[in-house]
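Two complexes are shown next, each including chain A; its partner changes from chain B in the first to chain C in the second.
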Partner chain A sequence: MNKRKEMVAGYAMIAPAILLYLMVGLVTLLFSIWIAFQHVNAGSLISSAKFAGFDNFKDFLWGGDSVATGMFFSAIKNNLIIAASLIVIVIPLSLVLAVLLQNIRWFAKGFRTIFLIPMVTASVAIFYVWQGIYDPAGALNTTLSAFGLDALVAKNGWLGEINTALPAIIAQTCWGAIPATLILYVAGLQSVDTHLYESADIDGATALQKLLHITWPVLRPITAIAVIMTINGAMQIFDNIWLMTKGGPAGSTQVVNVLVYQDAFASGKLSRANAMGWTVFLVTFLFSLISLKALRSKT
Partner chain B sequence: MSNKSLKQITIMAVLIVWSAICLYPLLWMIGASLKNSQEVMQSYSLFPSETWHWGIFVDVWNKLKFFKYFTNSVNVTFFTLIGVNFIYSLGAFAFAKLDFPGKTAIFYGFLAMMFVPGITILIPLYLTEYYLGILNSHLGLILPMVNGAGPFAMFLFRNYFHSIPHEIYESAKLEGSGLFRIWWRIYFPLSLPAVATITIMNFLGSWNTLVLPMVMLTNKDLFTLPLAVMLLDSGVFRQWNVLMAGSLISIAPVILVFFFMQKYYIQGLSSGAIKS
Partner chain C sequence: MKKSGTQFKWITIALCFILVFTLAACGEKKAANAGSENTENSEKSENNTENVNPKSDVKLTMWGFKVAFDPGFKAVADEFKKRTDVTVETQIITPDDAYNQKVQAAATVNDLPDLYLYWNGPAAGSFDGTAYEWSQELNANPEWKNSFFPSALAGQTVAQANIDEWQKDEKISQWLKDRKVDEIFGLPIDVGTFYTIYGNAKLLKEAGVPTDAPATVEEWIERMKMVKEKTGKAGFVFSGKTDSVYENWMANFQDYMKNGEESFTKLMNREGNMSDQQHLQQLKFIEDLAKAKLFPDGMVNLDIDQSDQLFARGDAAYSLGGTFTFANFSALGMKSEDVISFRVPAYAGSVKPDVTAVPFGLVQLIVNNKKKHVKEAVDFVKFLTSEEGMVLYANAAFDIPSVNVQDKSKLHPAIESMLSSLSMEDNWWSQNGPIRDKVFTNPEWRKFHELKQKVLLGSLTAEDAAKSFDGTVAKEKANEKK
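Our next item is the complex of A and B:
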């Protein structure tokens, strides 16, 4: 009797969570897989659906629609460039800043608070500011010419030229991505047992030996998490690009999520956009698995 | 000068430079909102050289209806936070303390949702909401945001409940308290640090969320602040001071909440990593 009561209470307690999960989660997910294999018209969705096989995927993967294929691959390429740049810039810089925070004697907490500001303010508001900084008459150009570096000035603004737009986006993205990684490393460094350093000192270990045998074993799994977080973030990037360039100029900052959004809600190609969304998800998942394996197997 | 203090000074210098880089955009926003619209792109100084134009804030708040958009954002965020904290605290209590068939499978099935990124299901979500008739409503934002926050909240609450000594549960049961009562009177109050972490993480997330309202809302009266800021930019030429005043209004609450609850925010970030 008591067991039965517990069972009923258990199901009742998880019911709100599960109902919501079924409604906007699981059903939507299955719906999404189904749509990816259908031809649908934007106006009359379910009634107009016709089985499409892999047509939607063929459209942008194998040149079924050569324009879409071209755009898709150049968008994926930009996502990968952003991911690689973030890994190379954000992770080492965050680690260095975390180590410095660990070693500063005054205001460590104050600095940590300030360092989180880019993440806290990551919103439409701050992306407009960056647009202002990159403006033809903005702070970056003004500063460069004030230092006599007129050759470096981007005349149409940093977001307005094909060569500079993507690097400008990457710089802004790094700025916003450092806090999350930094906090991981700060937490990691705090969890290193300081007694180990002391006994290593007594044994006469060098700084390098201490780094390799005490610090790195703690930081390695954190680095793995940071890399995966970074890859995910770079593949999911949308807000800042939508606000600052909408993928332009001439597609030079186009990324997959912006393309999915435009394909679905501007061109009405709902099922194709959905198929794209799934492709990106699988690619991201694959990259995450590879990096997890790679960072695990290293000693 | 000793070697040690030289080292400290160098570290301090680097940290100050990085602080400046972190703060510059925010200061630029504040400065630009106080200038007049020509001065924004013409002057070198961060803050206005002559008059500080506070009036712009009044205009944005009243004439441009930011009061309304602010209320909309408060509304959406408030109900999202209520939903996340109560639904998943209750569910986590069942997963942590009670025994029922299929418990483990349901729990992991639930957590698996975490791996599916938002935009993959954005289009079907739009269709689901269309069929449910909740497009163009705040409910249409709140439900997916609550569900999106679910796996992390459930995980955090369950871990927290596991860390509470089991004797407390046993003795409450011996006294004859019902299970809902035990959750509400004992477990929920004891888990307030977890509530704080979940609240701040989701406050920032839902306050700044962009794609979801962009897709689900077309009625301007329902717009949340990020969309309202974008409305300020819809003219032929951009009025930087107006845009920045609106921007500042839109992120001021986030910055305030962050300063008061950053301890819990940092805990949330670190535990989010352990989870993955």
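Our next item is the complex of A and C:
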């Protein structure tokens, strides 16, 4: 009886949070799915709604609006390039930095603070600084010129050239993504029992053997989480691109969330924006699932 | 110990219930308010021609997106408050795209304020019945209606061409399809034109370039080359990042001047080809200037404000803008004697080289028909668009009013001078907004922006870009037929 009372009390305590979630979270999500299959107008979402079937999806997936289709696939490609770049650059780099932070004695806390700066600084301020770095007369071009590397200078700025804008965005995104992954790895490394390393030393294990058989099994699930978080972050990337390039020049940094924003808030195409948002969710979900399966299989 | 734990648990449960009921009670109150709001709303709309109670404690909220306009609205609001006790509180949200986002989002959840500014256009920003309809008010007071510059009001009025377009669009709401000719959903507060080239007089003089208006585009380009040669500065700047600035403020107007109504209409109606010689100059101009290095480095990534700043710094000889741009240069520290201006030049051999750029309404003020104080908001707009209100507004906002102020001496001398330089006589260009505005509605023009950037950066030739544009048009035409 006492247990039953405790259970009732527990449910009663979490009820406000669940209600809030249902009202704010779930209802909004369901509403968004509903809008994706309607033609709606801002100002009269319900009364103006007309069932559209897959029309909104057709618009950007199968050439219903040929320009939107071209832009959507180009944007998805850019999202995937960013995701792949982040996985290849951020995860190994974070792991190396975490190992170094674990082992160094001098100024360890100072380094940790420095590495966390991107995480604790206002993102808008950061983007303006990076914009300054990439400007035609910015720090990067000036430095390259100073070292006589004029051939590498981007005349229109690193964000102003079709070939350099996306790599420039990727570099900035990597810089901003390292702290979160680094924290995961540092926590993972700290959770490894040091006695295991001592035992391995006694047994004559090499550094590589210790890494593969003691450290990696602990870091493997963390890496799975890091990969999923990275894919998720890359597919949802928006604020830096919106503030720095608005998807340009010539669509070279266009990503899906910029298209969603432009459709929803510049063109008033709310239904298509929702349809696009859900399509990206499915793509992200699929890639996350594949990554999870690949990294979990041998755990 | 156990007893005190149980007591704590029950107190927590009780507090949770109190919290839930309090929240529910608040929601109830709001719903009740909404109900009364609707009732009052319908009552108010029946009596919207009555005078405002002089002892009103009504407070209206107004959203805007132009910092420079705010002193104008505040001046009018102060005077309105003195007369009616109705307070109008203005809130500015910048830049334009952030404002647009806020308005769209607020419209979606029916949370727009009593009054809001929006870009001009028939039923633009009306959000399916959110905007108050003005035709009855205006027709009941012909003197007031006739005080507006015809082109300003025409740009706001629903025309048969708009209705025909909406009827064709399957995705558009029934509310828009049900619109009638001559309905007006917002009143213009100012007039102006695009198609204005500003020149940096100091830089031009330094390069020995005449400061008058060049007769043709070809002559204008020669002057840019002289500036580049003598000073090393760029010849021309505009926002390469913002879509439609070049197309809508310059290239399409030049196309109309070069080829005339019929050819321009065909291009906009997907019956002409951009790759045809008569239209190719829209992209060729960009290519020629880029090859001659007459644009500043990084122009492709400049937004409108950054482009204005670059010009004001003296880093480019000419800048593309509108009548509204001078206020920006002035705010950036340029003196009027340092700036020259002229209409966008026509190409040599143009069929209509002397078309005047008739000013049209730029920004409209919309009354939210779904709010409680519709009558007071309507009265505020009426006061703002009266001769007295417009003088107060124009002088404080440094903006050209949408109403033909009879006593021009009341206006700031600079506004009076700008006003006197504008022709208010309608022409084909000013009367055919639905054709011009396809630059915003037809997807191929979204593609044009991308192609223009590629030409600007030298990764595509004008000819290839034009072919790509025509390809997109063909696809869209095929979609239309389906």
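In the analysis below, the second predicted complex is superposed on the first by the 275 of 299 C-alpha atoms of A that agree within 3 Å, B and C clash if a C-alpha of one lies under 4 Å from a C-alpha of the other, contacts with A are read in each partner's own complex, and residues count from 1 in each chain.
In this text, a residue touches a chain if its C-beta (ideal position, glycine included) is under 8 Å from a C-beta of that chain, and two chains touch if they have at least 3 such contacts.
Keep in mind that what you see is a predicted model, and the values were worked out from it rather than measured.
When both complexes are overlaid on chain A, the residue A:161 reaches chain C alone and has no touch with chain B. Within the superposed three-chain model, A:65 lies in touch with chain C and out of touch with chain B [touch as defined at top]. Within the superposed three-chain model, A:266 lies in touch with chain C and out of touch with chain B [touch as defined at top].
Of the two partner chains placed around the shared chain by superposition, chain B is the only one that A:25 touches, whereas chain C remains out of contact. Of the two partner chains, neither chain B nor chain C is touched by A:177. By the touch criterion defined above, A:251 reaches chain C but does not reach chain B.
Of the two partners chain B and chain C, more chain A residues are in touch with B. Using the contact criterion defined above for the overlaid structures, shared-chain residue A:118 touches chain B, although it does not reach chain C. Of the two partner chains, chain C is the only one that A:39 touches; chain B does not reach it. In the superposition on chain A, A:90 contacts neither chain B nor chain C. In the superposition on chain A, the residues of chain A contacting both chain B and chain C are 6, 9, 13, 16, 45, 135, 261, 264-265, 270. On the chain A side of its complex with chain C, the touching residues are 6, 9, 12-13, 15-16, 19, 39-45, 47-48, 50, 52, 55, 63-68, 70-71, 135-136, 155-157, 159-162, 245-246, 248-251, 261, 264-266, 268, 270-271. Within the complex, the chain B residues that touch chain A are 7-8, 11-12, 14-15, 18-19, 21-23, 25-26, 28-29, 32, 40-42, 44, 87-88, 90-91, 93-95, 98-101, 103, 106, 110, 113, 115-125, 127-128, 130, 132, 143-144, 146-147, 150, 154, 179-180, 183, 204, 207-208, 210-211, 215, 226, 229-230, 233, 240, 243-244, 246-248, 250-251, 254-255, 258-259, 262, 265-266, 269-270, 273, 276.
Of all the residues in chain A, the ones that touch chain B in their complex are 3, 6-7, 9-11, 13-14, 16-18, 20-21, 23-29, 31-32, 35, 45, 97, 100-101, 103-107, 111-118, 120-126, 128-130, 132-133, 135, 137-139, 142, 146, 175, 180, 183-184, 187, 222, 225, 228-229, 232, 235-236, 238-239, 242-243, 257, 260-261, 264-265, 270, 273-274, 277-278, 280-281, 284-285. Those residues of chain C lying in contact with chain A across their complex are 9-10, 12-13, 16-17, 19-20, 23, 97, 100-101, 104-105, 107-108, 110, 112, 126-130, 170-176, 240-241, 297-301, 443-444, 446-447, 450-451, 453-454, 456-457, 459, 472, 475-476, 479.
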